[in-house]
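Each structure below appears as structure tokens.
The following pair of complexes shares a single chain, chain A, combined with chain B in the former and chain C in the latter.
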Partner chain A sequence: MSLRYLLGRVAGMLGTLVGVAVVVFVVLRALPGDTITAKLGTQAATLTADQRAALRHFYGLDSSPVTQFFRWFGGLLHGDLGVSMDTGVPVTHLIGDALPVTLELAVLAMVIAVPVGVLFGMLAASRPGAVRDLSVQGVGLLGLAVPEFVVATVTVAWLASAFAYTPSAGTYVSIGDSFGGNLRQMLYPALVLAIGLAATVMRTTRSAYLEAAGSDFVRTARGKGVTEARVRFRHILHNAGIPIVTMVGIQFGYLLGGTLVVEQVFALPGLGRLLLDGILHQDYAIVQGVTLLVAAAFVVVNFGVDVVYRLLDPRTRSEGRRA
Partner chain B sequence: MTRIPARRWGIGAAILALGAGAVACSPSPTNGGKTGESAQLVVARTADVDVLDPARATAFATNQTLALVYDRLVQVDANGKLVPGLATKWTVGDGGRSLTFTLRDGVKFHNGQTFTSADAKASLDRIIDPKTASVARSYLANVSAVDAPDPRTLKLNLTRPDASLLTALSYTGTSILSAKDIKAGTVDKKPDGTGPYSWKSWKQGQELDLAANTHYWNGKPKNAGVQFRVIPDEASIVSGMKAGSFSLGIVSDPALTKQLSTNKKMKLVANPTLDYHVLQLNGRRGPLKDKKVRQAIACAVNRKDAIDTVYFGQAKETGPIVSPAYQFDANAGLGCTAGDTAGAKAMLAKAGYAKGFHLKTIVMTGQYSTSTNLAQVLQSQLGKIGVTLDLDRQQTNVYVPNWSKANFDAAVALNGGSTDPYLQYNRYFTSDGSLKVPAGLADPKLDSLLRKANGTTDEATREQVFGDLSKQLNDDSPWVWLFRNQTYYLESTGLTGFTATPSDSLENLRVAGLA
Partner chain C sequence: MTVLRIEDLHTVVRSRGRDLPVVRGVSLDVDAGEIVGLVGESGSGKSFTALSVLGLLPEGARVTSGRILVDGEDLVALRERDRRTRRGSTVAMIYQDPMTALNPLMTVGAQIAEGLRAHGIRGPEAKRRTLAAIEEVGLPKPDRIARSYPHRLSGGQRQRVVIASALALRPRVLIADEPTTALDVTIQQQILALVDELRTEHDLAVLWITHDLGVVARIAARVAVMYAGRVAEQAGTRELFAAPQHPYSAALLASIPSPTDTERGPLPQIGGAPPDLAALPAGCPFEPRCAYREDRCATGEPEPVHRGGSDTACFVPRERWGVRGDAMEEPA
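Let's look at the complex of A and B:
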């Protein structure tokens, strides 16, 4: 990977983020209503003109959108994402509290889903059309089809009636405070997330594995007398790796912004809830900050996936040299 | 294709199964099993507090919580009657143009400082100051000056008699703060009141802890404190109650509570609140300009059927007046029986609309669970007399501006009520009301009745005027009144002494304990 390639990528990433910042800012202001109508509902109509002016000043809505944008963007360059309109708490603090929760959920779900998905994908591909293939695919389809909120709600209800246990009974415990306490709250939401993920990974693995298994080099390897296990993992799975890694990367990016449903049902104070509350209250700084962070995560994950490609498949490395 | 022995794949499945079973957990009883006065009550609800300054509080959860930390000059009991708060008594003088309060002696703020009239004056002056951007300011619109002649006396000078001012002074928005905190600018940082509970800690979006104020003037709370847990999903609150994790759960979706009443771990209490469901008509548009047409619509609506569908048969029907302190016949003045489809159809034909018409109807979504259900019931009921509701479902931020500008023929609405009918309607039906546009109709008779009610503090006169107001509203039929909104309290079986109130206040938690 040449330096020039790297610089080009970084510049592209920054450009994307500036674009996202502008789009989010504009879209938020284009939405009907503002934080005052969001907070007061129909009561907002009872405000007199000077009450309304006082509130607009209080929430910093009385300056022009252009001024607001540059004030926010200037802060952004200093790593300042602004403050929540409601509480005056800096958005960086709010994200600092919420990000670890979501990140842990995403990682935990991945740790569960990837091995399961890959192993079952290989199982299904080992005899296409056989009972094992059909049943794995059937279960996988079910895992994809049943919405997360249903699985999550049923899980919470089942834990309550079977074990008299509520994962959200106590306040969120970070992994640093108590490993066991943290796992008790996080395992079930992570499992719920892992179901859909594992199904996706399984399907990708199955098709990629089947494609690689039909290649000439596999026949050659078998002909050379390579052991069956080595053929499967070293030759087939390794070559089926690129689509799997791509899928896992994309899914991880989605997870950072997409754990909302599970966070709601399990009452976990993650990024998804922060974003949703921000949207419901039209708390601009929060929505802008979180969206930017999720976009940044996507960009970085994509970059990471590209790097892994290069490690997995020497052929893709040449592209960098040509540049 | 190679064969892979199936048993090897069992390992993966076994790992998954282990993961699911690994977190075997013992039941976690509420408050670590403590009972009596050392018990902490755990309350689960969907929303969190959003601001800490009572003068700027609008969100329901915020009002509910800050009312436990702060006191008001007067308070409202479960029957909607005014009772002493920080003021022990009050007298009306100068022909209704002044209100003098005698303040309670020996009350201390949580910070230890003694409460005096200076605190009360500073609190009310702060609400009146436009810079505070207080939503409660409109309640004090008739207050010209606040005087504190001595530490135990507070005098409000009024520009005109204002009988509802006392009720307004019982709202969380008009809480009494410490003058010292106001001066130091710490009001929105750390709540510091004279109420039954003091502020302990707050983890935004998750948990809020209040500690019992053992020096509370109205007796020390019968529990050690209250913890609020934010559980955004109502189904999860129900599950938590089944597991015995909370002492009290507050939910609003009737569908969730349908099968709960027989559960051993909890008791379900359906609480009719002061908020009411209503179909607002825009009397300034098309066929609705005709009073007979509006009355026909009101007559065609069958409240009981609507309650059966929306609330599974359990909700309180209401006419114009929702206050438990003033109860009148819901249909008096209407001139027909509600739910009489044939009669309504005949009325419509007489008015010249035998063929019916369409109404652009706005419905708010995302704010409360029953709106769409109710809109569909009304659609089918009014369809029978040829009035077609064209439903337009809108998110809060779209609905609010449309509603405010009366950009609708009809609006399915959930409006906030009050124990004082004047406060319920003055915004809509007085000539200078702030909501006279969305009200959809102005009638000088309504305006004069409302002014008459607020101009006297004589209870007998007020009751009679409110009765006339109820009749006049039915006669005008600007809206179709349906039923009161309902909150559901899931009480754990150990919870004792808690009673819900129509204002959904949790002030009774003070006398609740765990057995």
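Let's look at the complex of A and C:
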């Protein structure tokens, strides 16, 4: 991977993030209402013009949007995401608390879903049209079709009634506090997330595997007397890897911003919850900060996927000369 | 000495709940150091014959009867596990399209070594033999080629790699599935010469599948012409080209353009289409298209007979052909 390519990529990533920052900022300002009405509710109507002006000044809402943007953006460059208007806590602290929760949830869900999805995808593709294929596909479709909030709610209700275990009760235990306690809280939400993920990965694996299995080089490998297991993993799965990695990358990026529902049902203080609170309180700094973070995660994951491509497929590497 | 002997091979393909006969009683011998051309159009069963020998029939296809003997061992009777160990070491194959026959994600050295490892040759020995195999097919700088990915090589180079990989374990039988069709003419000649040379050197029995009679004339000592899953005619190449004993072979030969033809008339074609394997005629499968057909051709399928230096599955001897005029129909 050349330095030139890397620099180009990093510049592109930064450009994307600046764009996201601008769009988020503008969209939030375009929404009706502001943090004052959100915070004071109906009482906001009783504010005098002076009081309102004082509050607007206090929250920095009286300067022009352009000034506000550059004040915020200038802070960003120093790693300062601003202060929550609602609570006065720096957004970096809020994110610092919430990100590990969501990250752990996402990683755990991926760790469960990817092997399951890939193996079942291979199983289905090993005999297209057979019973195993149809059952795997049927279950997969079900996994995709049932919404997360249903699975999550049912899981919580079932755990509570069958085992008198309520994962959403009590306060969140971080990994640092207790590994076991943390895993007990995280496992079920991760499983719920993993269902839809595994189904997606399975479907991608199945189609990519089938396509690769029809390649001439697979016959060549068999013709050399290579064992069936090696043909399947080394030749077919490896060649099916690119669509699978792409799908996994997209899903992972999506998870970082998309565990909201599960976090809500399982009462986990993750990024989704933080974002939701931010939106409810029209807490600009929080929404901007979290959105930007999720966008950054997407961009970084995409870059990671590209790096994996290059590891997987020599044709995408530029170095080397014709032999 | 006969290395490959195919005896009355029958292969079927399962299609919509029925078994379609794709190979119907093929018998064929290939001697050590001999190249036999297996000629036929698409659907004639030549590829299924080859894949039966290799034991790599696609899903739904299977050998129903017959024997495939390599040095006296019947491959059909082997269990799949033992069958695998014969692939590459006893019977090897080279393929039509060198651009797709190699795994794009593995270096060619790794792909050759993989075949060796599958047969228990490992470590430095595998490496040494990989480089030797590459060198043997006339590629320069074997260590550099070994480290290359297929997309860095030209079509001709890749086909040489495929050949190197096939011959790395010194198989007794090489099946060549139109290995020159996808190549430029000059490269074709090089690959033909290479296989010819390796055949002599290693006393290989080569079954060369093609629809190109020009290639057959260039490389094969004997030819088997397949039609509708059977061998229509089997003869020495010289004999076949001089005096084909089956009307189908004659028609195939007549449809080769000759560079010495100064009058450029339309090229003769064989009218009609090959029969549907699901509804084979009761008689000779070529009867509906044959210019020399007689009454009994429509009722019974001819068994091969030895006639005029050929084994031909035809009732009508060549001497009786002329009366009925040309075997060919003019294209419409």
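In this section, the second predicted complex is superposed on the first by the 315 of 323 C-alpha atoms of A that agree within 3 Å, B and C clash if a C-alpha of one lies under 4 Å from a C-alpha of the other, contacts with A are read in each partner's own complex, and residues count from 1 in each chain.
What we mean here is this: a residue touches a chain if its C-beta (ideal position, glycine included) is under 8 Å from a C-beta of that chain, and two chains touch if they have at least 3 such contacts.
The shown structure was predicted, so the numbers you read here are calculated from the model rather than taken from an experiment.
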Figure out whether A:217 sits in contact with chain B (first) or chain C (second), or with both, or with neither.
second
Practice problem: Check whether A:286 is in contact with chain B, with chain C, with both or with neither, and answer first, second, both or neither. | Solution: neither
If we overlay the two complexes on their shared chain A, which of chain B and chain C does A:225 touch? Say first, second, both or neither. second
TODO: Considering only the touch criterion stated at the top, classify A:312 as touching first (chain B), second (chain C), both, or neither.
DONE: second
- Query: Can A:239 be said to touch chain B (first), chain C (second), both, or neither?
  - Reply: second
Chain A residues where the chain B and chain C footprints coincide 228
Seen from chain A, its contact residues with chain B in the complex are 31-33, 37-48, 50-51, 54-55, 57-58, 86-89, 94, 112, 115-116, 119-120, 122-123, 126-128, 132, 153, 156-157, 159-161, 163-166, 168-172, 183-184, 187-188, 191, 213, 228, 231-232, 264-267, 269, 273-274, 277, 281-282
In the complex, chain A touches chain C at residues 215-217, 219-228, 230, 234-235, 238-239, 312-315, 320-323
In the complex, chain C touches chain A at residues 54, 56, 84-89, 92-93, 95, 97, 100-106, 111, 114-115, 118-119, 141, 144-145, 147-149, 151-153, 157, 162, 165-166
Listed in rising order, chain B residues that touch chain A in their complex are 1-4, 6, 9, 12, 15-16, 19-20, 22-25, 27-28, 50-52, 58-59, 130-133, 135, 137-138, 188, 203-207, 229-233, 235-236, 238-240, 242-246, 367, 396-401, 403-404, 413, 415-416, 427, 434-435, 437-438
